[in-house]
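Each in structure tokens, the structures are laid out below.
One chain, chain A, appears in both complexes that follow, with chain B as partner in the first and chain C in the second.
And then the complex of A and B:
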């Protein structure tokens, strides 16, 4: 057992991810896509994929390359695969987005870019899955957090396959009946697999460990955590596998998704109970900004679950699916992502710069790299603007929604600037900033020193 | 009084990753009365000074280039007094000495346990052992220990929540040298 070294390209993943988030927020502020366009319009699809692939998936992949080894206490299978993976994902996303513009009637070649984008994305995700899968496989038997991540990765495979299928059909490459049926009826499965399985389930698994770690709370592996896992996996299996089979039998997957939704709610309920336990049983009374802001994201997840129940109960899910997805993507996943980025960037930068000289010279603490009282305002502003956006969508007020998007854009820009300052050690004062033997980290690449 | 020295060159053993302690002790036990031992090693074998000191040998160590050391162990009545301070541990890697320092880092926020352990290792002498209790496997600490040439052993205690790590200062450097 040799421990875990810094993942060289994780900062590049993070930087590109944040740029995609800023780009998506700018588009929303400009009135591009939903709600100005239809929820299934190509412009909306472009926006959704810029967020889901560009921001959230790149963030998650970059974080997993660094933290799956920590979760399973084994080195990553391949450090060399991270950069080709990133190249495939970025190129695939760019082609996919241009393909959506083609669908919207924009310029470009006569042949569709969608299958190329879908293919490259599938390849990029396959590389990530291979790398992380081999790492997890070598570490069996897995503890519960790693099992959550494994189920999340399986959902990513399903999401990418469904998405690739859609691009083949939309791009005119295939008109095989099973693929056409999936494209016609399978979009909800793609959304559930992506936002529910890949992003949410993986985030749940990672949060069990990271929250316990940063708040000095006991690791949970009791009955409620095990059942949260089982019910969650059952929900995903019913939605994705059951849903696909139903579609192939020629029916609509609605009832299957409702059953999956009930299982998923039970899993979320148990997860919520666990997380409340983690916060309550923590040994560390004063918690850092990242844990406080993560708790707001967790409240947003609960709110999204509640909103889902209300919408299904009142039969208005069809009218407000955009608002629900917005709350999941920006209230829960993006909120958690930004909060954890704020900690992870500081920690990895600290480790890279000061790890080699610890104990030999005076070095700053991790918390000296950040200025929480300044950053907390940006997080609060982000969440407030996000809620304005959600309520504006529910109320059908597009101008107010754009105002909310402007607020989110400004807040995210300010948080991104904080991350750059952290990376540059801009807030570390005095002689401890760069003691002898320490080297200023680069913005986008982590240098791993040997020997 | 001239001392007759028996040569023991453990450098090939060390370079091959082996543990030369048995070889050295066998040679020591085979010495005739009045004979000394001329040891060639790839590092300064401080722990041996103590072991052979307790068997009545004094030593003179000198670096002979490329990091290699020559140590002359002479019977105490045949050589001048020892100049080196004895180190408190045997060289046998399978039996580490009792920890010279112990710390309980279980209630510290990460990365404070790592900071404290690395600070302690910088203050300790080669061959000494540090014991630290943690609440998880210190994944980011281990590469740093390796870079600094320390050896470590770690495992979860039977309670399943406390991780105990023993760090032997310069232990990896000695084993790999």
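And then the complex of A and C:
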């Protein structure tokens, strides 16, 4: 085998991720967590981690197991590690969420579940980092998109370590002063490392390659992209490393985070310029739904950057940090995630079902597995509901926020149903649906051809 | 029939067979997409040099095997080898005019 193979468990990662997203949206619709509860309340922490770990991190890990090999044109270091990684992440997340419920006064054992959850999550992420890190290491020297992903993975390590530290302190396992200081002051560092470094920076790297691939645009590796990378890495280093050192010196990391924010804004500006170039220089005039909906997510990222500037400038970031985080998580990251999921599921399903019979029988195109005119309505509805939710948070209107969450839940459910239809080949018509030699894909596990 | 005429006839059959193989992402045959760089024929022995739209594409092995199976099924082919190359890398400019029109390929812009 000279090419990259299918990852057997990627669909399982995707399915569990979408379930977590639906669960989080249902909880928001029911009024669980922020804004009904305080932004730092255990209920809100449960909700945030269900989204950040359950939805976004499982989605990103599943996608990276498939697409880091594409980025570096080498096989994944270990196909066998994907399942134990998933088991650790899911078990760790479940324990963490129950640990937050304990903090909220719910029932449970006398001892805290948080350190167990944090430990299992750290182990799961360590396995993912080892697997992806070895794959990237073997492919040096790395092209720019892979370097973005590498920096994102380093941020994941920092996020997981900070999170594990918090669980040790909250769970009463450790009262060591450096860990207590980090727990008291380091939550913003955890958020920046997670949402800014792991999720956003990795998504930026992947988007450089995927958008170029799907739109037939020239790949970018010019000065603008190099500086976007350098400034982004500098921003993350200042926030995470500088912030940690400042906390250990006994100060608050506010100024360090402001400096990192300015560097990050410059990186985002260059990234935005690059992405506009990718869309402008594309060879495919008519682009597919995934690229169109990814462009809306990118506009949401720009809107989040602008909102951040306005909130810092008016001194109201503390009042509206929940709205900003909501826009980043659901407008940018989830929007991009759902858009790319719509494409990736169809592409991987095609490879699994029709790849083995290619050249032997007539096969449909990847585009024949989906019905874009039907799905576009659900994406538009999702984004509209997401903006209702964001504006409701900014305006302090909790009932309107719950209405927005209901809309997002319905739209996400409809998109999830589209993904299931794609796996079931439900929209492929005629004799090409299951030609001789082709096998109906399973919903959650890919049948991998071994070389 | 002369040897050259036989090879020419075989070449037509091989190209027709390769046109049955589609790139899944673009949904068009690999010949008109410009993914087949060279076809060498020596009596019944066929050697195909081809590429993929992206290095590391998960469809690479399927495309290579599909091309092998398709050529192998052409009348008069005794053996076939398919070689992958990324030198030169594929660009959309390599598509035939027919493929460009089918896919709406242009020079970019909104």
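The rule is simple: the second predicted complex is superposed on the first by the 448 of 451 C-alpha atoms of A that agree within 3 Å, B and C clash if a C-alpha of one lies under 4 Å from a C-alpha of the other, contacts with A are read in each partner's own complex, and residues count from 1 in each chain.
Definition applied: a contact is a pair of C-beta atoms (placed from the backbone, for glycine too) under 8 Å apart; a residue touches a chain by one contact, two chains touch by 3 or more.
Worth saying up front: this structure is predicted, and the values here are computed from it rather than measured.
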With both structures lined up on chain A, is it a clash or a fit for chain B and chain C? clash
So, A:282: does it touch chain B (first), chain C (second), both, or neither? second
The chain contacting more residues of chain A, comparing chain B with chain C, is C
Which holds for A:66: it touches chain B only (first), chain C only (second), both, or neither? second
First (chain B), second (chain C), both or neither: which does A:355 touch? both
Contacts for A:366 in the overlay, against chain B (first) and chain C (second): which applies, first, second, both or neither? both
So which bit of chain B gets in the way of chain C here: 2-10, 74-82 or 128-136? 128-136
Residue by residue on chain A, keep only those touching chain B in one complex and chain C in the other, then list them. 1-5, 69-70, 73, 213-214, 216, 283-284, 347, 350-351, 355-356, 358-360, 363, 365-366, 449, 451
Under the stated contact criterion, what part of chain A meets chain B in this complex? 1-5, 69-70, 73, 213-214, 216, 218-219, 283-284, 347, 350-351, 355-356, 358-360, 363, 365-366, 449-451
List of chain A residues in touch with chain C within their complex: 1-6, 66, 69-74, 213-214, 216-217, 279-286, 347-348, 350-351, 354-356, 358-360, 362-363, 365-368, 449, 451
Per the touch rule above, chain C residues touching chain A in the complex are 17, 20-22, 24-25, 27, 52-70, 73, 84, 92, 103-110
Contacting residues of chain B [partner chain A, same complex]: 107, 109-111, 114-115, 118-123, 135-147, 154, 161
